[in-house]
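In the two complexes that follow, subunit A is the common piece, with subunit B as its partner first and subunit C second.
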Partner chain A sequence: MDAQTPRETPDVIFETKDLVISAVRENEPDLPIVKGVSFQVHKGEVVALIGESGSGKTTISLSALGYCKPGLEFSSGEANLLGRNIAGLSTDELRPSRGINVAYLAQSAAATFNPSIRINEQVTEAPVLHGTKSQDEANAKALELYGALDLPDPDTIGERYPHQVSGGQLQRLMAAMALCGDPDLLVLDEPTTALDVTTQIEVLKAFKKVIKDEGAAAIYVTHDLAVVAQIADYIVVLYSGEVKEAGPTDVIINNPKHPYTKRLMAAIKPLPEPGLGEATAADTGETPTLEVRNADAGYGQRADGQPIVKVLKDINVRVEHGKTVGVIGESGSGKSTLARVMAGLLPASTGEVFMNGELLPADLTKRTKDQLRKIQFVYQMADTALNPRQRIKDILGRPLSFYFGMSGSKRRSRVLELLDMVELPSQFADRYPHELSGGQKQRVNLARALAAEPEVVLCDEVTSALDTIVGANVIDLLTRLQKDTGVAYVFISHDLSTVASFADEIVVLYQGEIVEQGPTDMVLSPPHQPYTDLLISSVPETRIGWLEEAIAARHERNLRSADN
Partner chain B sequence: MLSLIIRRLGIGIISVLAVSVIIFVGTMILPGDAEQIRLCQEATEANIAAMRERLGLDKSIVEQYLIWLGNFVRGDLGVSLASDAPIIELIADRYHNTVYVAVLTALIGVPISLALGILAAMFPGSLYDRILTFVSVSLVAAPEFFTATLLVLLFVFALGIGNAVVVGSTEGKDIFGLIAHFALPIATLSFVIASQLIRMSRAAVLNVMSSPYIEMAILKGVPRRRIIMRHALLNAIGPIVNVVALNLAYLVTGVIVVEVYFGYPGLATLIVQAVQTRDFILIQGLGMIFCMTYVVLMLIADVAALMSNPRLRHPK
Partner chain C sequence: MSAPVHHPHVVAPFDENVSFDELPDAPPSQAYRPTLTGWIGIIITCFWLFIAVFGSFLAPYGENALPFPDDYAEFQSPKEGASLGTDVEDRDVLSRVMYGAGRTIGISFAATLLAYFVGVVLGIGAAVSGPRVDMVMSRINDAFLSLPTIMLGLVVVAAVGSSIPVLILTAGMIYASVVFRLSRAIGMEIMVMDYVEAAKVRGEGRWWIITREIWPNARMPLITDFGLRLIYVILFISSLSFLGLGVQPPQADWGSMVRENLGALQYGESQLAVIAPAVAIATLTVSINLIVDDVSAHGGGKLSKRM
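Our next item is the complex of A and B:
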């Protein structure tokens, strides 16, 4: 912890000194989660805590509010907010500070807003309750913030309920909620991670502007170096509850010293630029492994057999043998629905699905066992996709018995083979899913799909819930398995960088329609469709100053399109 | 929103119809009929046949059902086989007692139970919470006659207040007079419903208390009492009203033991008498009234739960 250069400024808003926070366990000694962390946040400064899940970054950030998640407690060290050590104080002692001296912004605004209370009451609650503002003053402040955060209809948006505004708007409203009490310190915990990349840029811009205008200090918690480079003045790199490296943003980004920081930088995906993937459509004349023709699909059924809510319109996709088709789009674009149509979970209302030239029944229940076997699904959340009460060998053994009638030692040896394929040790066979890490669970999830020896694996956001380094390893594994087994992937993601680094072809979905599709290199090479262009330009670069350039470019584009 | 309520109403009507078929068929397949009992020794082939014709028993079962249902919808529940009195009058007589006790128990027992449960959720794991949990679990385990006996021993014999047997007319009594009159049955029933209400309201509020928006309220410095009353309770209304409705329905239909114990004539004892005398017309009428009580209360609970959901109350 000598990496932090002492800065001689008197205006320290928050600092931790050798802070230790531990998990309280029954009949066992406490387990330290945060192991002696020290850093400072100065007035008007944004300090980023960066690290993967389990690094203790959220736990450390919450210490600024004197708060520990249930099951954790402050063991030793100090957390000084405006010169007062708040570690271990009671809720009653902390209450006057919370919402006034220090305010919190969580990752998911959708979960953080009370669904039953109007937005304005929630935004103005803290200052009114603490008596630092009258309701009228708080309303005026909220109105000013709605405007500063570029929210639509600032006069009336507060009268709505949380479900009546979009996710990106709610995220900005949460910033208004945090800022309404004029806090000295803001704690932002992954506030843009759950957003689409095109929305993230707007929200980042709004955050950066209000933090600067209000003169607040901030702790910004994230795993995303590219975001950090745009918003932070100072970076603290955390691993396993310890500070590995700390310093000004430009130093850490341009000249990382610690091996872990270097690994983090190395795991950053290449930008989606021309030159990746294949250049031209390889029209081999072969029958595609999987093909979707003129498909429409949606939810609810009208009398004429058409869906009430149409999610997909006139979709045509070809998946060649042993190739990867990347499907990209923001949330609500219909990309998961497309996978469900392919798998037959949601029968297409019109159009057909073909497998090796043979027409597949639209409905999963009408497909033969062999047709089912050839298309396998891998879900985003391995946690919920794996039965918590089954051992790994049973999870992997089930498709073996179901599709191939395997049992006994034959089944056992195949399970071990599958574990080996996904680079997991054989003793995992007897473990339960909760004994595995997130990345390991995702490997089991993948092995289960491969157990069926499929021709196509539908991967729905399989790396989105994983940390950068872990996610990159899963992508490497997918690539190797494709080489070994010749399986084709439909790789669904909202993350263009991941798709671009991995897919042979890209399909860009927007509001249920394909706006562009073709070989990866072609899609990434200009000229772009306007929406593809927006997607590509929104992928954050790990370069200081990128955010300002991107916003300027977007502004210019809007002006140009307004002129036309 | 309106369409959801109409759909719930439709489901309610279908449930009532389904139950009416079960009640009708159920009473039809019971062995022996009332006329055999009423006419007993004097029963000759001829007057049994005459009686059957008067009751319409010679028609086909579907016809009988439709006639019965039609009469029921018009409010004609028929005439008791055992006493020749119109069913409506028999029921109306008893209805007062049952409804007085049910309403008074609801007015006293429900708010107190909910308050106790919510208070327990405010301080989970505290001494108060643990004592309340212990008491309410014990009450669930204790049968009604046991609770009633304890209350009678304590109040009537030890303290000399209240009536061990509820007798006398309720006419002309105001609400306090009624409470005094029915004090011990009300107390017994309050204990019975309290245990479930306390545990369910505590669980519903605690469930909401683990939501991220409650953590956010804590981090905004909102005091615990306001967190419960303003932030948590609104979102716990749905599950709570359902338990309340179930318990209210029980107060109308399931209080047989308490009625018998305290010896006051209510609807529950009436149906036992009807079964004893094989008065199937009375059984049918009471069965339908019990069923409709359930359906109406559940409907009210469903609508209340729908209304408490802001997504349905304020669509996009």
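Our next item is the complex of A and C:
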């Protein structure tokens, strides 16, 4: 930079040049995690880093803060923030620029805010601490940001504590915190992944507007291409620490060249068009394999036997043999509770659960071994669902010995058969869960349920923790297994497009009540219930300009409902 | 949205036939390898364990033998035939430290084992039982915890008299309440894991859940805490002995040796008779601590935080 001209923000805010970041290992050569990555972030631009877990996207984004996770180090290359190479600088050297030149937005706002300090104090902390703004100036800036982020009661929201606002609001407040110091660069790490789709749309809109108005540059890290299409100007596709393809958003979305990008695009399941979903026969009169009638359930117990907090109200669900019932709703809608009632983990306070026309005891301890065998549960987090101290062969073998009394070579060969069914190699039998990747663990989780030869498998958000491609593979596997074994699924998810792509019937839950239920085709076809409509219109499409259309449509709907 | 000019479209070279396998999760954690401080702890602890087992055979003199029967004097300085000098009754300090090692470590180890057996069985039992049973057990345990340990020990020993079995029982019971709390907390933490719920949904009985799902996962933190607890019991037994209520003379034990030789500090020709057993207590407890810290640091510091 010419020394004569006043300091001005250069056009290139951040760039990496052949950046290599490695894991330091004892007695072994360092293991590169990021293998020579180069890209630039220009002023006023949003650059998205996309890839699955393990692709190094978060590690690269943190290099913009000059930070490496413990056990990693900058090996070579440059990470230039405003023209200064910050790779390998000490914390003391980096501190003046953090919060001022560059700010970081984490995935979980709930974990980022201190629960016992008022919001405003936390939002204004960075610029006041760095001395770039007085408390009054910072307050004024925060107030302006609250308004720009469409937060309710912008004048008073800063006086509240973090637990007094909703998750979506807290996420936006975190954006205010990051932007309060007028940073040149904003690093956003999966900022909407933990949010419901209906909330995500508001947050995305607010982020987009604020980044544009403030003229900040941003690095947006995510695995969700649909979100990226809405917010990014430029996309960097990463796989295994290498750039596979990079280019302007419209090129990457509409005309991907690299096979990996093509695979990423192919893994996205678009919402089926109404009328194109699988046609489902009307009530066949057949006895359903699992049926929930007039069930209420909740937590805590009042003197009259009713729960203190009612989570489910008057639920009726029929699961036919070999069919899939999709249960969708936002967090807190009671969809997981429904699965727990079916499994008997949480006895219904009123109402009954039937299996093949036979009344099941509400409490699982009173169910017979055979009744238990016929309903199996697959959990969301494969990490906690598999005992870390048991080998895969023991995890899969236990239901075999427990329900069928198998042992020795018979059990061993059945375990291998099960591994084969879920497309895992037989040598995995002797491994421990931590030696497997996330998707592989989820397959073991599924194989354990199938080992019991159940009639119904309850799948609680089984793909939510997985990357797009891995999740799509698990869905394909579920579909194939249903064809082969005739098992019925209750598939619980907050992701409408995943549910719609393979469920025969959909149940829409809202605040513990069923607002709509019926064959997938029917639920997706208009006229919709207002809530279903909101859900359907909130599912992001991998199409540039979708966000603006969705917001306009939502706005119009609100106007119409206000008129009525 | 128009494409910014300064961003070219870059495509990495590729081979159509290469498939993109799922990337592995973080590499599995490495097996525990002691660091330098860990090794120091291991070496000193092993040294004392060796002395505890074989000390009575290797000691140059008997526990109460006089090395210089013709030249009786208390607190003699180290010399030929008594490398650490003599104590208040002119006995060989080195031999008594070696005899005392077996007694101090043996009693403490037995007491800690007892504390662990009682504490873990009841603690894990409370964790898997219903909230009512857990409530009753925890409140009774809280009452025990509220009693000052040394006072409780003093009262028991004063009431029933001091003998080695009484010492083991007393220390074991006092520390069982601490172990109860820890194992209950660890058990509770594991009880809410999905794999335990999966076992319940499968219809597994309580015994399976305790032995196959909870114990294998609770084992490591509890074993690490065992070392730490052993230190407290050694200090407790030594304190009781120092107060004269532990191991009774003429039997040697590090705590009672410090007490009976206290006079050396004031008027002894050599102070080693009181320093040697004190150093023995210090080196043993510090070295066990070094091992525990090293193992906890390997586990990401989670274990030390929980204690």
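Here, the second predicted complex is superposed on the first by the 547 of 564 C-alpha atoms of A that agree within 3 Å, B and C clash if a C-alpha of one lies under 4 Å from a C-alpha of the other, contacts with A are read in each partner's own complex, and residues count from 1 in each chain.
Just so it is clear, a residue touches a chain if its C-beta (ideal position, glycine included) is under 8 Å from a C-beta of that chain, and two chains touch if they have at least 3 such contacts.
Computed from a prediction, not measured in an experiment: that's the story for all the values here.
K.L.:
Determine, under the contact definition given at the top, whether A:112 touches first (subunit B), second (subunit C), both, or neither.
P.N.:
Touch partner of A:112: subunit B, not subunit C.
K.L.:
Is A:347 touching the first partner subunit B, the second partner subunit C, both, or neither of them?
P.N.:
neither
K.L.:
Count the residues of subunit A touched by subunit B and by subunit C, then name the partner with the higher count.
P.N.:
For subunit A, the partner with the higher number of touched residues is C.
K.L.:
Contact-wise, after the overlay, does A:163 reach subunit B, subunit C, both or neither (first, second, both, neither)?
P.N.:
A:163: touches subunit B, not subunit C.
K.L.:
Touching A:104 in the superposition: subunit B (first), subunit C (second), both, neither?
P.N.:
first
K.L.:
So, A:154: does it touch subunit B (first), subunit C (second), both, or neither?
P.N.:
neither
K.L.:
Looking at A:448 after the superposition, I want to know if it touches subunit B, subunit C, both of them or none. Which is it: first, second, both, neither?
P.N.:
It touches subunit C, and subunit B stays clear.
K.L.:
So, does A:257 touch the first partner subunit B, the second partner subunit C, both, or neither?
P.N.:
Once the two structures are laid over each other on A, A:257 reaches subunit C alone.
K.L.:
Jot down the residues of subunit A that show up as touching in both complexes, subunit B in one and subunit C in the other.
P.N.:
none
K.L.:
What residues on subunit B touch subunit A, complex-wise?
P.N.:
So the residues of subunit B touching subunit A come out as 211-213, 215-224, 226, 230-231, 234-235, 308, 310-311, 314, 316.
K.L.:
Under the definition above, what is the set of subunit A residues touching subunit B in their complex?
P.N.:
65, 67, 91, 94-100, 103-104, 106, 108, 111-117, 125-126, 129-130, 160-161, 163-164, 177
K.L.:
In their shared complex, at which residues does subunit C touch subunit A?
P.N.:
Residues of subunit C touching subunit A: 1, 3-4, 6-12, 14, 16, 18, 20, 22-25, 27-30, 33, 193-195, 197-198, 200-204, 212-213, 216-217.
K.L.:
Under the definition above, what is the set of subunit A residues touching subunit C in their complex?
P.N.:
Going by the criterion above, the answer is residues 23, 26, 31, 40, 42, 45, 52-55, 233-234, 239-240, 242-251, 257-260, 263, 343-345, 364, 367, 369, 372-373, 375-377, 379, 381, 384-390, 398-399, 402, 434-440, 448, 452, 469-470, 544.
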